[in-house]
Structure formats: structure tokens, C-alpha cells
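Have a look at these structures, which come just after this line.
Below, subunit A partners subunit B and then partners subunit C, in two separate complexes.
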Partner chain A sequence: MEKKMARVFVDGALIGKVDDAFGFTRNFRQMRRSGHVSTEVNISYKDYSNEIVINTDRGRARRPLIVVENGVPAVTPEDIEIVRSGAEDFMALVSQGKIEFIDAEEEDDLFIAVQESDLTPEHTHLEIDPSLILGIGAAHVPFPEHNASPRVTMGAGMIKQALGFAQANMKLRPDTRGHMLHYAQVPMVHTQAAELIGSDNRPQGQNFCVAIISYEGYNIEDALIFNKASVERGVGRSHFFRTYEGEERRYPGGQVDRIELPEEDVQGSHGIGSYANLDVDGIINPETVVNEKDVLIGKTSPPRFLEEPTGELIAVEKRRDTSITMRSNETGIVDTVIITESENSSRLVKVRTRDLRVPEIGDKFASRHGQKGVCGLITPQENMPFTAAGIAPDLVINPHAVPSRMTIGHMLEMIGGKAGALEGSRVNATSFRKTQVEKIFDSSFAQERLLNDKENGKDVKSSTLTREQVLRHQLAEAGFAHTGREVMYDGITGRRFQADIYMGVIYYQKLYHMVSTKMHARSRGPVQVLTRQPTEGRAREGGLRFGEMERDVMIGHGAAMALKERLLDESDAVKQYVCARCGMVAMYDAKQKMTRCLACGAETDIYEVEMSYAFKLLLDEMKSMGIAPRLRLEDMV
Partner chain B sequence: MDLVFSRLDDSVARFTIHGATPAFANALRRSMIGEVPTLAIEDIRIYDNTSVLFDEMLAHRLGLIPIKTDLSQYVPRSECSCGGEGCPHCTVMFTLSVEGPKMVTSGDLISMDENIVPVHNNIPIVKLWENQKVVLEAVAEVNYGKEHAKWQPTLACGYSEYPVITIKDTCDGCGKCVAECPRDVLELTKDTVSIRVVNGESKEKDCSLCRLCETACMDSGIGQDPAINISSDSTKFIFVVESDGSLPVKEIIERALLHIKSRSSDLIEALQEGL
Partner chain C sequence: MVAYKCARCKQLVEIGTNIRCPYCGHRILFKARGAGTKELKAR
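Let's turn to the complex of A and B:
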């Protein structure tokens, strides 16, 4: 019966306890609405843990909701009229406690009606607009209510990976990594939420002319076919920036790194030619074209260990080369060189490189409907299908991408983009909206629809057209088939296609995943120091793992020799001398040109045995634990 | 074969070819896009660029500027007597030297040949602020559209098969097809549908072959056999060719046809030599 007191947390810190948690939260909210508590404070009661969470800190994404009491929204039509007339602004409603900004935590406690007609006495809040149920990502998807829900989620996810014009000060920023899309465009078909967020000022894609047709098999499995002329005119071009930095670090003992042109005799020198691009100060100049592993900043460091002074001569200190080089697999042009001071007040050099990325086979693109694809072919404009007006699409996608995924929003956006482009106006595709008949009242299309409604006894004034109907009407007005399909001709044979082709304008995004950052192969290359096995990963020029399952295949085929080659000869094979008498690893004394076992002292009966270096390592580790692993040698048959 | 122009000026041509095959029509289309050479900026030497655009972006933008081309004076660089070295017979030098604040446009390009200038003078290249400067030399060369889109002389370039509209006696004059047609090709006269005639000219050729009228007719309850039938004549082609201004459309068509001819004569030569 007796309920424990609820603990109260403010910004994560426990500050006390209260008896009546529900009453407390209710009162708190009442005080916020009456202006006794800041409107920027949010409160939530967590029943399951009996905790009250109050948040006042910055960085919480909050959204406005209309307060509802006894099933009646606090905002009245008069209030709306006052705000519309400009006599008061939106924030006045907030300070009057009629609209509240709610954060993610407080939202858990509420019962929010999406539409005013849904209101019951139990409801606590009402959405200002039904489209606000969507988050930032999903709010960018046009016509989301026409798509299958997983596709909207995927579309929302991919919007975050799109390259765009994200920073206006791109020229000045020394970010370690950065992308910038050339000729970013505002989407022809857009949503109100995207507009309010400000996406139009930082667009992240381009309006492509897209045809949906299977074409020579180069677009199967979601591959995309690009028009080479479009690419040459600038479609999907972007720049990639990377900043490298070198610092003159100080070491204990007064030694320092030096940014300079390294002398020839420094340890680990890259070779004289490698420093040809550097200026006299050891730093590369802007606008120099650089390739992978090229030196950007010449730098030398003091030796790792101080040498013992050798009697007669004072040893000349042998410095190490620690120059900063371009990453392997990356090329570019030196863009900016910044010489400044670091946090440790030592000299700091930052070199920013840029790399032009023209779309190539393997680059990833996506529409805003979770329809992603990888470029499979860039074909000349002459080969592309074309319409009677001579229009060849920028992009060709495969018809199989549509039916099973049910992205009707994608199809509608294509019609919308086409209609918008023909009319010269942007199309609003905010979710859950209809167009009032009155707006296009004079068109014969709307008249006809009105007549139907009149015949069916509907109130004509409240008749609405779906946006699909409006777009189809606009297409027809512009002289195009309202289906969005067009008669097209094969650019290679010149013959007319039997079927009409669906073609339209749709916003496509270039995604962050580009082949040039992923492409990788190895024949020979570096090995790990510890195991002497090939390194792993593209950045380290690594090998491709021949894993357990691949091993199974080899065994299944009985390909023993091929298996041994992969797993031993092409990996970490070593020849070790093994003492046949005691079974321990022996050694070869190169000075005396003889073998010797350091374990038992034997000098004969020592044989060379081929083994994996990882195995030799295992033997060493066992020895370090006090176990004596002994190899028993037999004659090879 | 027969050629009838319905429009021909410097920038746009509309014409109908009679008695051709799709293969020939396509050969002409492809030749116009890819085989008629024009001038476009290919090499640039940048002396100073403190604008907001990077050198490669600037170069790309310069390359796409259409340049008026006189093919009686210039030949493609690869076919020039200089052997592709670049000489006054296949290349034109431009200079650009602008200081901000100013919008740099194609009109700021100074040509070494007064007859070879950009088609438009108002194409924006880059906007300069105070203390920003662009100084460069650009070399335009004659080359083909198949090499890079900047050498294409055409903008829109395509054709359609000639539409044939037949209206059968079964037409009951319901007018559904007339309302459905996006090109206003049909009209309702005296209980039957006919092809609209404007200024004594039949609108038949305006038909986009979309066949919405056929569907509309079938929807009117006439059955599976529509009273209106759209087909096309695959020996007649309506061409649309639009020039970017580097060459007059007439010359584009001529040069494309000459290209087809010379390719054929090359083959004949090869054939005769082979025998």
C-alpha cells in the first residue's frame, strides 16, 4: 500500500524526494504553463523506476505541441487569427501556456492526438500538424505516406549519408575529412518540414532526369546507368578534403622534432626524390598535385634511444625521418597550408588536400525513398534512350526496383518533379496533406471532379483533390501523358520501344560511400611485426582474409597443396632449426657457420623445419610460462 | 528520301524525313550529337586564381561555354596538319584577366581570333569579391562530341516516328478521347471524333503516341476494340534539332550527313582495295 517516495533528478543529479509524484509533475507542468517555471524546463515521471526526471540543460531537441485540457485544445481559432494577423507571435502562445515545447523524455508521459478530430478527454496534447510525427530524417522524405514504412526509414537513414553543400565556409575549414558537392540543388519536390529546418540553404543532392527501364543488363540488381554527357556537365561531382598535420613536438631532455627538408642520411628516409615537392622550409606548396605516399611535411625526430657516448668522437645524433605523407590510395591537390602554433605552443603545420570526385562506376547514389543503387555503367548520351523531344535521361534505373518495395512515393516524386519542372514551380510533398479544390478551381479537371462530388451529394466546398490528381492534371496541361510515361527510342538501334517508359525528375543524392575510398587489392605487401602474417585492412594495404569457411571449401575439394600455399607459404612460413635430440628450436651461428642448440648444447642432429611463424611464437610463449614444448622429428617419407 | 522543314533558323530545326529506316534516322541523330566538331576550351593555364572556386571547377565551367565555331577556318586537332601539337589552324587562344568585385562572365574572355567568341556574353563563370582575381590563358580546340559533352553542337536532338491516327465507324462520339488527349490533337465534330485542323494544317503530327485516347475509348464501354487507333509510320521521322549556338543548325545537319557519307566512302575504298 505504502508507496515509496519518488526520487527527483535535475539534469541527472539527485536532489531530493517527493511523496506524491503524479501530483508533483502535474503541479510542475501547471506552473510552467502559468509562467512560474521557465518554458524551457521539461519534466517526466518514470513509473517503472519511481523517478522524476527534470531537464534544464542545453542540447535537447524539443518540439512544440498544443496543450489539451478535457479534450479541448488550449489554442483557439481566435488565437490562430491573432498570430496570423501578426498582432502576436508564436512564442506568445508558448508563454501563455497554450503551446509547450516537449523533449524526448517528457514525451513518454503524454497522450498526443495526431488530428483534432481524434481528441478525447484522455488526451494531453495535440500535434500542430500531423506531419510533425516524423523526425528530422523522415520529414525530408516527400510523400512518405505513399511508401512502405521500412523504405521511409531507409530513406531517412540515407539522407544522413548524402554529400551536399553542408558548410558555407568550406574553403577555410581545416577538418580532417570533408566533402562538398558541386552544383547542389534545392529539391523540386520538397516538404514543409525540410524547409523549416533550413535544408534549402544547405542542399544535399541534385534533381536528376530519371527513366525507369531495363537497359542492356547494366542496371540489374539496383545498379544505375549514368549518362556520360550529364556526368561531364557536372552531375554528381564533389570534392573530398583531408587535412594532414605535423607538429614540432618536444621531448624530455630538450630534444625537439624539426619540420625541415630531411637530410639524406636520416634513418628511415623516403629517398631523395620523395622530397622534391617540398619547399626550403620542408613544407609543400599549395596547388601541388600529390599522389599516394607523397611527402607533404618533411619532419625529423630525435633518436628513440640516446646512444652511449663513444669514447673518442662525440657521436653525431642520428635523427629519424617522421615526415607526414599522403595516405596510401589517396591522391589530390594541396589546397591550403596553415602554419600555426599548437596547444603545447610548438610549431604546428596543417596541410589540406582536395580531390575531385567525378562519378565513376561503383559510386553510390540514392533517392529519398530508400532506393539506393551503385553506378554500373556510364554510357555516352547517344546510347541512352531518348524521347521525341530529344531528351536523354541523366540516370536509368531498373523497373524491378519498384514493385516489391512499394515505393509509390518515389513514383509520385518523379511525376511531381516533372510537373514542377514544366510549370516552373516547386511541389509541396509534405505528408498527410490534400489540396483544396478551390485552389485549382478553374481547371476543367477540377470542375469535372467537382461535378462528380456534386452528383454524389458531397459538399463541393470541402472537396479535396489528392496531390497525385493535381500533378497528373499539371502534366496533362503541359502536353505530357498524365501517366508519366513517354514514348522512347533506343539510342543504339534507333527503334521505338514497344512499351512506354516512365520518366520524370527526381531528387537524387550522392552518398558518402565511393569506390575510390574502398577499392582495394593486394598481391604482396606489408606483414605484421608480431606474427609476420599479412596485415589486415585497406589502410594498411592488407590482404583479404582466407577464412575458416574458405578453408572448408579447400578441404572439401581435397586441394591440400593449394590450401598449404594459402595458409603457410603465402602467409607466415619460416624455416627454423630444430634440435632432434631435445626437440627445442636451435640456432645457426653465422660467424662460425655451424648450428647449435642452446637448450642441450648439441651441434649436430639439427635440422631445418618449415613451420608457421605463429607456431614458433606459440612455442616461445609456452617457454615463457615454464612449459618445455618439444618437437619430435621424423624423416620425411 | 525526302526532307521537309517545318522550322529552320539558326538555333532550332524541325523537319520530317520520308522514306527512311529507323537505323538511318538514328545514324543521323548520333552523328549530329557526336560527330560534328565544335570549339571548346580544353587546356587552361592559370596564373592567378584567388576566387572562391578551385582551379579544376573553374576549368570545368570554362570548358562548357559554347563558342562560335567556323569550320571552314578550323579543323579538329587530331586531324590537323600539325599532328595534334596545337596550331592556329585547330586551336584558339583566349585570355581572361579580371579583378573583383565583379561577376566574371563569358564576355570577359578575350579571343585571339575576333570571329571566334563565346555564343553568349552573359554566362556567369565565377563571382569575385574585393581583392579576388582571376588571370588565365585558355586554349580552345576543335574536337568531337563523342569525346566530351562540351564539344556537342546540339542541345535537344531526337526524332519520333510519324503518328498515324485512324478513327473507325464504330465511334459513337462520346468525346472521352478528346478530353484525354494531352496534345489537343482530336476534336468532336458532329457526333464523331476527327483530327483537329489548325490553319489548314492537320494536328496529326503533334500526337505524342501516348495512346491515352485508345484507353479512354475502351473505358467508355465500347469493348476491347477501340474506335480510335494510334499507330506510327516507321519510314517517316519527325526530327527536332536544337543548336547550342556554336554552329547553325543547318550546318550541323549537313556535317552529320557528310560524316555518314565519308564513312560510307571509306568503306567503299576499303572494299575496292581489298579486291
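Let's turn to the complex of A and C:
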């Protein structure tokens, strides 16, 4: 059967049909390479729906690929030399049709070789560099080809959660919230992509000296043991900033908010002690130590409803206290106070607070290989394991973290960091890289030293050593075991460990999940207005949910009274009067000091019944829909 | 009197109804840090 004509869509709009879809697509691409069609246009033929999709609109992510014809890349070594010399730029290769920018849709049609050595006549394109198959996050992971792929994905995810030196104008920025790591370092072991992206200018971690050994059970389940001396020297130390805002709003009728020291008689006053930190302008001073719920900006607002004049005197309007206070569970020091005008020309005050976050038990840290862990102990340096040279690690991780996760990249980075630190040079750990041996080290001094080295009597340069072998060779050259392991002693007993301990230098990141922002407990606290049940969430001092599955457990154990205590007594228990005759909720008339049923009057049997307020609310809502729920009362056994 | 500092010209200024530096007209002012001493725990 003859194939139907293919429909052609441009930016999603159907513009016509063509009979030879393959030929059309091929010719279109040819015209793009020859400059007759813009290089910013992408085309794709969808065989399954017989549609040609042409995209020209903005916002498409596109990436460059080398065009391949008959298994030969269009970009030649001469072209690379020309670009390298500066005679032409990269975009010249694009306009010559040697490199194409491909979007996600067109990529479906292509057969892309990752390495030049993989090329066959069937290939249509070639990656400019094999490491470009990775995104920004994964490209930051050193030696990713040595890791199990889920760990690279996890590493890529956690890089985004790391604290660092994210902005250089921190002093001026009134960001709502932000973190800043102290003493951020560039990684000893790095990748080319990270360098090109500019991560070295905005580092987000520190090079830790790490030993892999169990430690008194304090590092089970991926917990981390920190050296207290390292923490005191600044390892993992950061600041948290939060900005609070207060504006003098204008209301219809000429009413305005006022930023001021609130009077004692304002409605909803926080109490006279709460305003002790405020200056005469009603705003807190910089460098004031503040605790949770402390007032930062004193503010009063007009009453919600203007009162009617009563009698001869006009009632004095009572302003409401709408002061801006510190969040519950947050403390700090007032950092900057900015006074400016908002876009409505009203006074706007921004108060930024800062809070020093020294690593503590419960803070989360991770390497770039998806090896995350929570601080389990901060132990004095004298109790840490130490080497024959007297070196105690900054961090101790558990050996069980490695075998099942297969993060060999983590182990290699430790060797790389150690060799780099000894060599005084950063180490290049870009993925899938087959470079010259000496290019593993960044410093020219280290490169030169390596070239003069002999490996088993052969020049290192002429050998076919892998990067791992070179790093091991350099460790041995520096007098360390090529395995990365060292003789170590127990800091507590002073005895030598039977096994040699793997120790190296590796980049660790402090992640923004800190225990001080999560820790929460409640005994008594606020309840919701509608249901009278405890509020939810840490910010609202909420209760911890006793859910359906927890309920099942209690039932399973037959712990009926414990269950009632959780679900009723400690939640929204109320005592309601119920009319035994009509079964409706009755009331207590406080003036006459007697109970009364609105349907049956006072001459009826009314009993006090304990129920949950949510149930009483259900009864009310049913009544609002015209349903009369009636309670049938029985004697308690 | 509360002292404010202009974010642009760094002059110490006083403000009335308008939030504006009388010297350069800039509308962003910082509250100046007090001269009082402060005691903090080293940790």
C-alpha cells in the first residue's frame, strides 16, 4: 500500500503535507548545513505518526554535535587548529555546517557516536567530547565512569543541595533566605566541565582528609565521625541568612500602617518586654542578638472595622499590633537593616538576620559520589585514629558504605586527592577521558616531574598507564602505599590496627539539611480554629501526626485506652450537651444557669456527652445541608 | 536621633517623612551600627 503523505508542523501548527518525508527531512538538513536555512531551526521525522516536526521557537535546549558523513567527522584536525589559533571562532564551524545545534526532538532521529573510535558509516553525529553526554550536575562528579550509575545520579542531585560561596555580593543582598559556607575550597580532584561552568569561582565544599574505618559504632548506617579540632578550625562551618520585611501599607479611607514603637494598649500587643530591642524608630539595631519570636520591626495597623460613635464621645480607635517577629525555632544576630521605599512609595524596612551554623550531630554531608551521611559524633582529635606520621583525619566514614554501592569513583577520588595534595597540583578527573598521562595533573611542575619518572624502568610518558595507575604511581613516588592504605593507630587505646586503613583526601559538601532547621517536638501548643485539632508542621509548632497506620498498630495491640488518649483526649475532645429526646446537640444557658434544647425546650432530658470536636463539626455541617443527624443515647456500661 | 547611612554616598543622614538621602537623593539607607559593645560566646 502506498504510504500516506506526511503532515508538516512548524512550532506546533500544521502548515502542509509532503509525499517524501525522508527526502524532505534530508534535504532540509542539507540546506541548513549549506546556510540556506537558519542554523537555529531543527527538524525531526516521526515515523510512528508520519509527521514532520519543525521547531523554530525560543526556549528549546540545544546542544552542539559534530556532523558525520560516511563515518567521517566533518570537523578535521585542521579546523580545530584554526579555531585554536583564533583565526576563526566556534560559530564559524556551525555556519559551515560542520557542527550542528540539536534539540531534544531532532536528537531522536540521530545516531550519535560518543567517541571517534566508535564511528561507523551508520553514524550521523559525533559528540564533541564524551563527557558532554552528562548534564551539569553529573559532569561535576569526578571519575563517574567508575561509579554505579544510580550513585552518579544521586551525586548530581546532592551537588545542588550543597552550601557554598554562591554569591560574591552577600553583604548587600536582601535574599529571603540563603546560606554561605565559610572557607569554601576548590576541589582537589575536579572535572573539565566544572571548570568551564565556573564552579571554581563559586566553590561549594571543602577537601576533607577521610579515613574509612568503623569507629565504636558511632558511624553505623552511614553516620559520619568528625574531628572536633577540624570543626573548630572551620570545617563545615556556615552562616544562614534570613530577611524579614515590614511595609507601611496604605488602606482605603486614608488609614496607614505605622512603623513605630507600639504603645502598651494596642490590640494584640506582644508584651512590653518584647519591644526592648527596638530603637526609637521602632526598628531593631544591627548586631542585636535575637531569639525566636523577638520583635524585629514594631508596626501597628488601623483597626479592621471602624467603630461606631458611642454616646457623646467618639470611641478612640484601637490600633492593632502587626509587628514583624523572628520565626519560632530561629535565632541569630541582626546583620543589616535596610530602610527604603516600596513601589507604592510607602516606607519599607528589611531586616536581615544571620545565624552561625557550626557542624553538629545530625547535620548532613555528602561527597560527590552519592555517598551521603549524617554527623553521628564529633570527637576530640586525641580520640581519632592517627597515622604513623601523626595525621588524624577530619572525617571517618564506615567501610560498609562502599561495597554494595560500588562507588569506586569515591575511592579513586580519595587516591587522586591524596596524590594531588602531595604533588601540589589539582587532578583532572573528567569522565571517559583518554588524555596524555601527564595531563592528569594541572600544575606544569607536576606534569614535568611525571614525565621524568620511570615506571618499571620505562618512561611514564611512553607507557600506556591508566589515570588510576598514574595516581598510584605518584603516591608510591611520594613514599605512600600505592593502595592508599596506611598503618594507623587507635586514638583511644593507642594500639595499632591489625589492618591498614584506607585514607585519602576527598571533596565533601555540607548539604542544607541541617538538624537545627528540622528538630521539633510538642507537648502543648496551638490548635486549628475550625477543628480544634493540633496544628500541623514545625513552623506552626504542630503536633506529630498519629495517622491511620499508627492507629492500626494500637488496634492490633488491643491498646484501646492508649488509642483513645491519642485520638481524643490529646486532640479535640469536647463535652457537649445532647438532648436525649430529640438527639440533637443542646446548649447551656449561662444566664439562667440551666441546660436547654433548642427543639424541645428546658423540659427534657439533657446529658453531657464526650465527643471529638471534629464529630460535632460534622453534625453541624450535615445540619447546614438539611440533614438532621440524631444521637441515640444509651447508658454507659 | 537614629543614624542611617546612605547605601550610595555612605553619608550619615537623618530621615523625615521621605526616605531619601539629602546629599545624593538615593532611596536606600542602611541603619548604622551602634557604638555599644557586645559580648558573644566564641564557639
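Keep in mind that, in the parts below, the second predicted complex is superposed on the first by the 527 of 637 C-alpha atoms of A that agree within 3 Å, B and C clash if a C-alpha of one lies under 4 Å from a C-alpha of the other, contacts with A are read in each partner's own complex, and residues count from 1 in each chain.
Everything below uses one rule, namely that a contact is a pair of C-beta atoms (placed from the backbone, for glycine too) under 8 Å apart; a residue touches a chain by one contact, two chains touch by 3 or more.
Everything quoted here is computed from the prediction, not taken from an experiment.
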Clash-or-fit label for the pair subunit B, subunit C on subunit A: fit
Partner chain in contact with A:Leu356 - subunit B first, subunit C second, else both or neither: both
Subunit B versus subunit C as contact partner of A:Ile339, first or second or both or neither: second
Contacts of A:Gln381 with subunit B and subunit C, given as first, second, both or neither: first
Touched partner set for A:Gly494, first subunit B, second subunit C, both or neither: first
Contacts of A:Val280 with subunit B and subunit C, given as first, second, both or neither: second
Which of subunit B and subunit C A:Glu127 touches, first, second, both or neither: neither
Subunit B versus subunit C as contact partner of A:Val289, first or second or both or neither: second
When both partners are placed on the shared chain, which of subunit B and subunit C touches more of subunit A: B
Which of subunit B and subunit C A:Arg347 touches, first, second, both or neither: second
For subunit A as apex, the angle formed with subunit B and subunit C - C-alpha centres, to the nearest 10 degrees: 80
First (subunit B), second (subunit C), both or neither touched by A:Glu247: neither
Minimum C-alpha spacing, chains overlaid - subunit B and subunit C, in Å: 6
Touching both subunit C and subunit B, counted on subunit A across the two superposed complexes: 287, 356
Complex contact set, residues of subunit A against subunit C: 172, 279-281, 283, 285-287, 289, 336-341, 347, 356, 358
Complex interface listing, subunit A residues touching subunit B: 171, 182, 228-230, 232-234, 237, 239, 287, 333, 335, 354, 356, 380-382, 386-392, 444, 475-483, 485-487, 489, 491-496, 500
Subunit B to subunit A touching residues, read off their complex: 22-23, 25-27, 29-30, 33-34, 52, 54-57, 60, 64, 146, 148-150, 152, 154-161, 179, 182-183, 208-212, 232, 234, 238, 240-242
Residues of subunit C that touch subunit A when the two form their complex: 2, 4, 7, 15, 19, 27-34, 38, 40, 43
